[in-house]
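For reference, the structures are reproduced in the following blocks.
Two complexes follow with subunit A in common, the first pairing it with subunit B and the second with subunit C.
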Partner chain A sequence: MSAVTRPVPNGASGSAPGSAPSSALLEVTDLTVEFRTPGGPVRAVDRLSYRVEAGRTLAIVGESGSGKSVSSLAVLGLLPDTARVTHGSVRLAGTDLLGLSRKEHRARCGDQVAMVFQDALAALNPVHTVGYQLTEALRGRRGMSRADARKRAVELLDLVKVPNARARVKEYPHQFSGGMRQRVMIASALAMDPDVLIADEPTTALDVTVQAQVLRLLAEIQAERQMGLVLITHDLGVVAGVADDVTVMYAGTAVEQAPVAPVYTTPAHPYTRALLRSIPSASGAGRLSVIPGRPPSPGAMPAGCPFHPRCDAVRDVCRTDVPPAAVPAEDRMSACHFAADIMAGREPAPDDKDTGGHDD
Partner chain B sequence: MGRYILRRVLQAVGTLLLVMLLLHLLTTVAIQLNGNPAQAFFGDKVPTPAQVAAVEQRFNLDDPCFDQVGNPCLGPFVERLGQYAQGDFGTNLRGREVSDIVATAAPNTIRLFCVVLVTWLALGMVLGSVAARWRGSPSDHGIRLTSVLIDAFPVFVLLIVYRYVVAVPLNGWAERTFGENSWPPYWFKPSFDPEHPWATVLVPGILLGLAGSAAFIRLVRAGQLESYQGDHVRTARSKGLGERHVVVHHVVRNSSVPVVTAVGLTFTEALGGAVITEGLMNIYGMGGVLWGAVRDDDVGLVLGIVTLLAAVTVVVMIVVDIAYALLDPRIRYE
Partner chain C sequence: MTEPGPVLEVRDLVKHYPVRNGLLRRSVDAVKAVDGVSLRLDRGRTLGLVGESGSGKSTLARVLVGIEKPTSGQVLVDGEDVLHLSMAGRKQLRRDVQMVFQDPYTSLNPRMSVNEIVGEPFAIHGIDPAGGRRAAVDELLELVGLDPDHANRYPHQFSGGQRQRVGIARALALRPKILVCDEPVSALDVSVQGQVINLLEDLQAELGLSYLFVAHDLGVVRHIAHEVAVMYLGRIVEQGPDADVYDAAQHPYTQALLSAVPVPDPSVRLVAKGAPVIASDRAGVPTGSTGDVGPTNGASPTGAGPSRAVGAIVLEGDPPSPVDPPSGCPFHTRCWLAPTLSEAPPEPSAGGPSTGGPGTGLRLVPTVCETEVPALVARRAGGAPGAPGSTPADAAAHVVACHFARELVAHRVES
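Let's look at the complex of A and B:
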């Protein structure tokens, strides 16, 4: 299905937001989502920008509540009634989805951009057979016959390596194991050959060995079909082997965006650095480091940098000024006053008694 | 699936036997404490002991255990079970076959229930779905207010107002407008007419159904709201399916399980409503017959009819259980 077949060399190609020409399948610009609450509007996603090209994988990493799932629901137009996009654009193959009517927007879902949800047990309908759910869109929207749909459902289950597919299309989701159910979820998202696939924590509910299998499967299918893949996860550990680019989100904003390899070696934001330190290592030496405190509630954002109350390199300027998006190196973005220092592995200079004049 | 149904049927038979035993014990205690109902057969006359003995024998009340307070009287119970098994449900005090009475009365009650059920489903599904689909809108608030108002009107108030205030003028108007031998005048007849059972049962049935529909509307609304929140609905929408498809196949379909259960439960409740409705609207049905039988101390008739109603209830429960299993595959294989 992928029309864009530009070979993409790993690592060095243009992926910085807003720089490269519009070869991106999915381009999100300045996306801002607000929730209506009794205490006034609350910003769940704040000026998020990212782009996904054919055949590439973008990982969006963040804690729960960082806005990563909400931003992808906004892309599909599936936000709950209490939320709305107040700013920004979502361009899918050149069309701004947010400018479309609800019906037109819905018509692009499944077809051009599809989503794999977390917790497949809840995300699949318990009262319909797996076969029905895999092909209901093909039957309902493309008028596929019952016999063809049955055949297609078996193909889809084969594609995601569910054994004995022919018999299992007649079964119900509760008869599948967790890993198999997640495969069904993936197959159902692939049913209409989407150009972009958004996978929202596809492995959260699974145990570790099954997680690896499902991720590998996603990567294989993505490479084979040259899809753009957005992989949403809270686990920086699973990203390394799968993603090309990483966007780290904190409290609704992107705090660091970069190709995957340098993020691990030279993180440019203290939050990324702290996340990396909190990945358990196989050697198991030493105490596992944790990030103190909790993410701020969107209704009570701290002044200045949203991460400063938990930051181990906090300086005076962080408490008052929102950090601008710095570009500490080519293709990299970090929303930190001291991005260059952090990236170089230095601690930022201590505060002066005078003005906090520590710019990069 | 076969084993599931078999298990349910066996449970149902057990339940029915238990109900019959309980009923037997209750009537036995009543006879032991209040005296032999064979006396009722004679009304105001004073019978000779021989006449009483003859009547006692005829209605299976001659067992000495009926005079011993606390004796469970299992002998006559087993005897009666044997008669029931052979299709012999005994006679009422006037010697009319219970099965004959039921054959005349039951169809009218069934007609009433059909109308009630259709009213429930129509009102509940339509209003409940509308309220859930446009939650928080004026129509949602209006429907919820209506359901509270319906609850505030007991069915007998509704029926009395209808019968004595609304029905007669409507009936007269319909006769003048459509002619005496057309359908509309029968719809608004203030009492039941065995010549036109469907037409004259229609409005009372709708009123009884209306009274029961309030809980139903709220149940459908709540069930569908829960479905709307469900992750699987979001998944269906993410496939780009039209909203109508999503509502029918993922919202209404999923919320139908509790609705079917409620139909079963409310059905038994409606048996009570039927007694009132049949009484007020002069419908010759099971409720009215049972009411009369209790008033006249007609033990045989009471036992026969309550047993029959219990059997019907148990069958409805089985049907509900089977429907439940058909609607929710997770039940089937447990």
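Let's look at the complex of A and C:
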């Protein structure tokens, strides 16, 4: 159960009661990533914890700059040189990847964790055929022969339902449409038979009709292979359709973690609540509810709760104290001083007015 | 607000881009980006233009602001044909019709300060606003919710939402009548999108602006538009008041588009748990095949209304190339409805399944879909849904370009 934030001993023993016998394939605990900048270290991800189980989909939701992509790069050992993990662990089937050398880290990930990137055109090499790229890992790491690799490439394209796969493996990325390219990306991620697939905004660049195709394909393949899927997105509509568990990130931290249904019915963090309200709905009319202001820049975090300058339920304590991870209900986490109130749909009690001197 | 009436009219607009080939760069073919579009935008109203990439919606927007010259057709602003204007006339047109661009990161010159960017239209048109240019710029910045004290900053010092406000301020500088907004919020974060949409709505109420709002996000368009036109391969396939188009879509493409929009409701799952693998498990379903579409949408797309039944209609394949659009109805190669109609010829080969044949890769659609381009006509007659009965007669009619739209209306009535 991804909603558990406290470090879990390791392996199966810590499984939350609700979620059957499955144990975590991937477990991230207190992950903290800092970037080196001229102005000093800047924290992009702050104590992020989540678990991914076989056959389940965890959606990480956040705006740009919330740290959702950086945290995935840290998991895969693909952080740029200016960034480093300062704290936390990433356990893949029980092994802490961050304790390994960079080379070993990548080798372990290459076998068991794969990533689908947002922009397939940028992620594919324009000068190699699709078939060559699909099987690069197989030839390089498994020593597969060229003929076998070609055969495997056709199988992979068939798997992701690219029509006429036999002919298309010889084509180059520019000859594919956006949706087909994203299928190629998924196929290449599946080449090594990963246990965990991390998909970073896999459908953001696609049209809605093609997005529906790709999401359905991902969900089917995941169900078939019992993969753990981490879906990084900003679209709460997509999340509702495919995720089992949700982690909402804001300014580098997880502000809410819960199974998918209660996130939409009884959000326990004001940010989640505001995000849901700001979706232009099909019912249309009326003024769109908005979140005022904008996300803080990681170099200039506000004191107290990072969301407090934009929060509609802000109280004095929010301006000074970083909220602890509250557990307002089983399987749920909300980093809000008033998580239980928000979840119950109540406004938190007003501040005592006699102390009202320090809201500058 | 000012008196009603069309501020912008587009008649049978065509924009073809030649495809040149060979040594002599002879034009061998054409990309039919916009292929006979007629639109009408009333004063103080918002017309939403939706469609997938490649549907020609951005090309249409660019023709309207004069960035592109159309191949044929008419564009009338306030009743005046703007395509045969003198240089001076074109300059006036540019004052009346301004554009807000999609990407606030590339549409502002990084080497110009906000003051220069917003004031540039005055310089280009040689206008000296009363009270001076700087005062006018400050006023514009205030209008779009920016601090005039920041006028000396450069675009990189602003966030995405703020930059889009700068883009809007620039577009408003010359007091245009029409604002053409090409995906103005798609590059912004969700929490910021709403701020920009609300700003556009406020400005419309305050200044009586008319918007042509081009977007692929159907939720955003529903929110801001009064009327909606749906484009597919350079043509309008459905058009009407937004409530009609969203709640009673009559074109199979519009229905598919609406059903593909992910809804923020976890009870609407894309793939049901427990029965994860849907009908089309056959490897390599060919592009354009009906695949699983036939059986799955038999009843569902109309059952709960298309906006609810997410994933009920999943179109196969991608839109065809506008260089070589399909004959007849441009949508017939991906249409989920056509193969299910009784007019569709029966499966010729023996032994095949009786519904559309994914095994053969053959799609059988009614002949008329393949041969005749359907006209945009109103289909309200027979038992139309009585939903927005209060719609006044002078409002734009709900028109749809489908030979078999009646089938869809019938479906809806029975459900």
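Please note the rule applied: the second predicted complex is superposed on the first by the 330 of 360 C-alpha atoms of A that agree within 3 Å, B and C clash if a C-alpha of one lies under 4 Å from a C-alpha of the other, contacts with A are read in each partner's own complex, and residues count from 1 in each chain.
Everything below uses one rule, namely that a residue touches a chain if its C-beta (ideal position, glycine included) is under 8 Å from a C-beta of that chain, and two chains touch if they have at least 3 such contacts.
In this text the structure is predicted, and so the values were computed from the model without any measurement.
Chemist: Once the two structures are overlaid on subunit A, check if subunit B and subunit C clash or fit side by side.
Modeler: These partners fit in the superposed model.
Chemist: Of the partners subunit B and subunit C, which touch A:264 in the superposed model: first, second, both, neither?
Modeler: Once the two structures are laid over each other on A, A:264 reaches subunit C alone.
Chemist: Which holds for A:188: it touches subunit B only (first), subunit C only (second), both, or neither?
Modeler: first
Chemist: See if subunit A has more residues touched by subunit B or by subunit C, and give me that chain.
Modeler: When the residues of subunit A touched by each partner are counted, C comes out ahead.
Chemist: Using the superposition on chain A described above, determine whether A:86 touches subunit B (first), subunit C (second), both, or neither.
Modeler: A:86 sits against neither subunit B nor subunit C.
Chemist: Between subunit B (first) and subunit C (second), which, if any, makes contact with A:164: first, second, both or neither?
Modeler: Once the two structures are laid over each other on A, A:164 reaches subunit C alone.
Chemist: Where does A:177 make contact in the superposed view: on subunit B (first), on subunit C (second), on both, or on neither?
Modeler: The second partner, subunit C, only.
Chemist: Taking the superposed arrangement, what is the smallest distance in Å from a C-alpha atom of subunit B to one of subunit C?
Modeler: Minimum over all C-alpha pairs of subunit B and subunit C: 6 Å.
Chemist: Under the contact definition given at the top, report the residues of subunit A touching subunit B in one complex and subunit C in the other.
Modeler: In the superposed arrangement, which is not itself an observed complex, subunit A uses no residue for both subunit B and subunit C.
Chemist: Over in the complex, which subunit C residues touch subunit A? Could you list them?
Modeler: 52-53, 159, 161-162, 189-195, 197-198, 201, 216-220, 222-224, 242-243, 246, 256-257, 259-271, 273, 276-278, 283-287, 307, 310-311, 314-318
Chemist: Subunit C touches which residues of subunit A in the complex?
Modeler: Residues of subunit A touching subunit C: 63-64, 158-159, 161-165, 177-180, 207-213, 215-216, 219-220, 223-224, 234-243, 260-261, 263-264, 274-276, 278-282, 284-285, 287-292, 294-295, 310.
Chemist: Within their complex, state which residues of subunit B touch subunit A.
Modeler: Per the stated touch rule, the residues are 230-232, 234-243, 245, 249-250, 253-254, 257, 327-330, 333.
Chemist: Could you list, by residue number, the parts of subunit A that touch subunit B in their complex?
Modeler: Touching subunit B from subunit A are residues 73, 76, 78, 106-111, 114-115, 117, 119, 122-128, 136-137, 140-141, 172, 174-175, 185, 188-189, 191-192.
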